[in-house]
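Each of the two complexes below includes subunit A, the first together with subunit B, the second together with subunit C.
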Partner chain A sequence: MNRKSKVSRRERSEFLWGWMFLLPTMAGLIILNIIPIFQTIYQSFFKTGAFGKGNVFIGFDNYGQLFSDGAVWQALWNTCKYAVVEVPFSIAIALVLAVFLNGKIRGRSIWRTIYFLPMVAAPAAVAMVWRWLYNSEFGLLNHLLRGIGLSGVNWISNPNIAFISVAIVGIWSVIGYNMVLFFAGLQEIPRDYYEAAQIDGANGINQFFTITLPLISPTMFFVTVTRVIGAMQVFDSIYMMMGRSNPALVKTQSLVYLFYKYSFIEGNKGYGSSIVMLLLMVILLITMIQMICQKKWVNYS
Partner chain B sequence: MDKSRKIKSAIVYFILTIGSVIMLVPFLWMVLTAFKSTSEATQMNPFIIFPTVWRKEAFLSIISKMNFLRLYWNTLMLIVERVICAVLTATMAGYAFGRLHFKGKNLAFSLVLFQMMVPSQIFIIPQYLMVSKLGMLNTSFGLLFPGLVTAFGTFLLRQAYMGLPSSLEEAARLDGCNIGQTFLYVMAPLTKSSMVALGIFTALFGFKELMWPLVVNTEQNTMPLSAALAKLQGQFETNYPELMAASLLACIPMIIIYLIFQKQFIEGIATSGGKL
Partner chain C sequence: MKRKWWLTAAMAAVMAAAVVGCAGKAGNETAPASAGETKQTAESSGESGNTAAQGTLTVAIWDKNQEPGLTEIMKDFTNETGIKTQIQVTPWEQYWTMLEAGATGGSLPDVFWMHSNEIARYSEYEMLLDLTDRIKESKKLEMDKFPKDIVQIYNWEGTKQYAVPKDIDTIALWYNKTMFDEAGVPYPDKDWTWDDYAEAAKKLTKADGSQYGFALRPTNDQAGWNNIVYDMGGYVISDDKKSSGFDQPGTIKALTFITDLMKEGYAPPYEVMAENTEEALFEAGKVAMITAGSWMLPELCNNDYVKANCDIADLPKDAASGKRISIYNGLGWAASANTGMPEEAWKLIEYMGSKEAQQKQSDLGIVISAYEGTTDNWIKAYQGFNLQAYLDMMSDLVIRPYSKSTVAWNNMSHEKLIDAWTGAKSVEDVCKDIAQEMNAMLAQE
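On to the complex of A and B.
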């Protein structure tokens, strides 16, 4: 009897303390995140007029407009193209660098510091300096190209090249971040595996494919999923690098860029909301596909 | 055997060096351009790499157009407020999720996970409307608003608490500590490294955030650095020495902090992993 009341007193106190500790976070999450999700869904059924006109309920018209809006499909395509360039390159390069740094190497912390440096720069500053490097007349890159006898490239005004130029900035910015995550994963692989493989006569490249790659695959999966989600939300570099009058803008603007433009420049928050709903669906779909596919290649053991 | 190993390591150093040059050149070009005159920066024949004279005109002129002290202060406030809110709320919630057993915990935790899976743009319009209704546009609170709590940080701290041994908790309980005291004196101090990681993560991404500041704080004297730089480009599109001077001034404080605390930065990012 006595013991039972002690247990339930303990339970009661855990319940009270638990919810007291959760209170700020849960209240915040509900107000800042959960309610806004429903508000965004709700808003996507309205047409937002200019200031003061208020909301007009228009049912699925925003979605109808969305599906027939060529600019939205182009933006979705642009976003996917960006992700298809940025994600594999940033991951492959970062993995190779992490493997190098995990080996016997001098000045490991100096290399790491250098490769991580772009991560601590403001994206607006990064975009500006790259825009200057890409400048077709006075930019350093075209100067170097002309120096070796090639003709300059219109890095950010040629619609066929601009998305790659933006993706290069994305890769450059995020390599250090991916590298740090891979490096942490590599450190967990026991050294004896490599020693045993060496005795068996496996060379470095063999070891990479038979030991490193399978054992790093959980980290690889995590980085891939988060990088794809990040790439699908690309905004900063496009907003900063592509001027409003840039002829290549149509072929590079991302879904989030369109969302920003419609919601906050043109003030049509209803249509902006429907674009962000499309983004949500696309991200959920891609993430789900990745979750299903992981069984084929991710090695948890 | 020995010779081939030497060649291999030479190749590794070569690739690392090339890569480092690619990482550093944009920063160097930022510095070099900032100290040039406009005509030097856009002169092609001959192409000028190092400024003939290291001029400070671009800096003086950009400082006269942008109130950098104000911008540094706004950014610092944003970072400090966000770090305090994130670490405080996530530490408490992380402890409840990681160590306590009570009704409703799993439902609450599923909301945390749900928030982490949803792209953050979905919150922006309603958050903007809330701040606007509160009359808090162009205030420091407006900038802080989405960072009052953190689902990601809660998750991170929960993982940290789950990794602690339960013997400590039991010992504290036998000594007569209640749950609050156990948390405050025994458990929370043990998650210090995760708190530091969360703090660094929050500070870095608060500093880098662009869309939210562009939306809520449109007045010059309440903006953080990131938004001010973005506005600048529209105004003086072609004055590259000034744009580079502004970029340099915006990046320098964080770069210095990073160089001093680079070990904590990199370990913090490695442990928090996290999402962008």
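On to the complex of A and C.
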């Protein structure tokens, strides 16, 4: 009892205000994220009727169907392939650009704006434009290829190429965002290190690998974790770019695409939910591995 | 060490939470997002004699091409009854998401279009206003003037009528006159068989890949391969809606006929067709023939290239059976079960189904009206095109295949047919596979 009286009025008011400021975010998180998570888990055990009515409890039947559904595993594999292409390239390119645009280059802010622009454009609009660029018959890319005497490429209808084409759009869209995060990381590195390195005779490439890269690793870690999660959730570009009669769709559709198809086109929300649960588990696993592996390469100075 | 591991797990969980959170959110937010896209049009506020304080009926449709014409008809309705209406256009892709969200949240539009793909679950869960008794008592509405099949679509298990037919659509053949002239092929006429079609496709195909005979996608069922299947004695679903017809010899024969033409190279490579609609290829002068539904008229007839070079003919018939079938479908006007203005909503539906409004719908060239004998003026809608072909096709109609789970088996069959189209699997294997899976789906209905 004695201890409690020691909490001053000031401390109490700070406590209250602290929670007040947290409230809007907490409310959003709970209503838009936490509650839907539990609803999704709940739904995945039901054969759902239309309009939120007529749900029948079926235990683990959805999961049983999930494990024997070839399309789901193919979609998981597609998603991983996409992530393997998108994540490393979007990070590497963004980092190199960030280093260059962090230096003294003429028109620096214009370049930064240009690279960040795709982030501002609506993803659906971006996908539509790329869809036309990629069109095998009337698209600009094949027009140029034919112009120099090469044969056209079926960018989005060849099963072996389509996921790369989609990933290129993903990389292009996200470079600007990654770049901005790297800018923040680069600001943190004290200039003295570079000066000292210069005096010791290290060139730009040496500096990049011995100073920039180790010291930016915390930012890199954050970008990697969020990018992997983002890439595993790819949906809009596939949905917008690939038509339903596209022969490459089966080899390109992601888990979220499959979830959308089952839940919202075919109205089977229960099965859709179980697919999302699988995705959740996969992402959870990958993220945990990343968390454990970070000790090996992330440098918190 | 142990504590740290848990910290790691917790952090991973929080990050991963974003996934499911987003997934759930996507579902909940689709509705408002698409509602945002919904274009609201000016109220049709005629000078009504009845100025009593009444609300405005919200009317949801998905085809913006029909909006001006329907607004005009509803203006007449407002003048007659004093009930105001407001049309909201939501594109087809978002329309059903919007309607589903509305039904789930109890905020459906007052009056809206229904389609054979979706009517089953709306009836099953009683989301629609039961019109049975009102139709019986109505003096304006004569249900026997509408095609039986269309009335039947919107009838729930023979007891409840949930919608009144609005229009019907038929399929016809579009051909490029310039290409036919160049190749020296006579224009399609009423004696044309599918063999003539194949012969023409061959002659119209150029070896350098700049021009092909025809284009047809596996997703183009009603306006495409369905017609040939029924002509050749096959079917998609049995009359009792209990079994699939994909394993029928006629169905396999028809699909083999189409895929053989593709193997011969009379259609563009599958990848090109997958990325471009038949209409786009036709409008670009890439293919000489396509089959298209009457709902495509505003698109095709307003295209300058099509206007200058193309015309419409009846679909070919099958030489063996002599059948020239057009698959047809028709929309219905339905109302929400929990609308605040059931009487007003009913009056609008009754009016839209009356001979007067149906006649006007055809006269304005909006669509082919469902009401018997109101379609004569429709052919004047687009000058310079032989629209009569679409009306000719009404002599042998088969309703678009549907059951309670149409969307599910339809999508499944489209996906599997891709392998037949590309030649990756034999037509027979694909058809048997589809039949098996479709039968399983039908058994669950």
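Basically, the second predicted complex is superposed on the first by the 263 of 301 C-alpha atoms of A that agree within 3 Å, B and C clash if a C-alpha of one lies under 4 Å from a C-alpha of the other, contacts with A are read in each partner's own complex, and residues count from 1 in each chain.
Here is the rule we use: contacts are C-beta pairs under 8 Å (C-beta built on N, C-alpha and C of every residue); 3 or more make two chains touch, one makes a residue touch a chain.
Computed from a predicted model, the values in this text were never measured in an experiment.
Colleague: Could you look at A:Asn158 and tell me whether it touches subunit B, subunit C, both or neither (first, second, both, neither)?
Modeller: second
Colleague: Which of the two partners, first being subunit B and second being subunit C, lies in contact with A:Thr210: first, second, both, or neither?
Modeller: Neither partner.
Colleague: Using the superposition described at the top, determine whether subunit B or subunit C touches more residues of subunit A.
Modeller: For subunit A, the partner with the higher number of touched residues is B.
Colleague: Pick one for A:Ser109: touches subunit B only (first), subunit C only (second), both, or neither.
Modeller: After superposition on chain A, A:Ser109 lies in contact with subunit B alone.
Colleague: Once the shared chain is lined up, is A:Val129 touching subunit B (first), subunit C (second), both, or neither of them?
Modeller: first
Colleague: Please indicate which partner A:Ile292 is in contact with in the superposed arrangement: first for subunit B, second for subunit C, both, or neither.
Modeller: Once the two structures are laid over each other on A, A:Ile292 reaches subunit C alone.
Colleague: Thinking of the overlay built on chain A, is A:Gln65 touched by subunit B (first), by subunit C (second), by both, or by neither?
Modeller: neither
Colleague: Should A:Phe222 be classified as contacting the first partner (subunit B), the second (subunit C), both, or neither?
Modeller: Touch status of A:Phe222: first partner only.
Colleague: So in the superposed three-chain picture, is A:Ser245 touching just subunit B, just subunit C, both, or none of them (first/second/both/neither)?
Modeller: In the superposition, A:Ser245 contacts subunit C only.
Colleague: Is A:Pro118 contacted by the first partner subunit B, the second partner subunit C, both or neither?
Modeller: First partner only.
Colleague: Go through subunit A and flag every residue that touches subunit B in one model and subunit C in the other.
Modeller: Residues 29, 32-37, 39-40, 135, 137-138, 226, 229, 232-233, 243, 256, 259-260, 263-264, 269, 276-277, 279-280, 283-284, 287 of subunit A touch both subunit B and subunit C.
Colleague: Within the complex, which stretch of subunit B touches subunit A?
Modeller: 8-9, 12, 15-16, 19-20, 22-27, 29-30, 33, 41-42, 44, 47, 88-90, 92-93, 95-97, 100-105, 108, 111-112, 114-115, 117-130, 145-146, 148-151, 154, 178-180, 183, 204, 207-208, 210-211, 214-215, 225-227, 229-230, 233, 237, 240, 243-244, 246-248, 250-251, 254-255, 257-259, 262-263, 265-266, 269-271, 273-276
Colleague: Which part of subunit C faces subunit A closely enough to touch in the complex?
Modeller: Counting only subunit C, the residues touching subunit A are 8-9, 11-13, 15-28, 30, 97, 100, 103-104, 121-122, 124-125, 127, 217-219, 268, 270-276, 281, 284, 286, 407-408, 411, 414-415, 418, 422.
Colleague: Which of the residues in subunit A come into contact with subunit B in the complex?
Modeller: 11, 13-15, 17-19, 21-22, 24-37, 39-40, 43, 93, 96-97, 100, 103-105, 109, 111-126, 128-130, 132-133, 135, 137-138, 140, 143, 172, 174-177, 180-181, 183-184, 204, 222, 226-227, 229-230, 232-233, 235-236, 239-240, 243, 256, 259-260, 263-264, 269, 272-273, 276-277, 279-280, 283-284, 287
Colleague: In their shared complex, at which residues does subunit A touch subunit C?
Modeller: Subunit A reaches subunit C through residues 29, 32-37, 39-40, 49-54, 135-138, 154, 156-158, 225-226, 229, 232-233, 243-247, 249-250, 256, 259-261, 263-269, 276-277, 279-280, 283-284, 287-288, 291-292.
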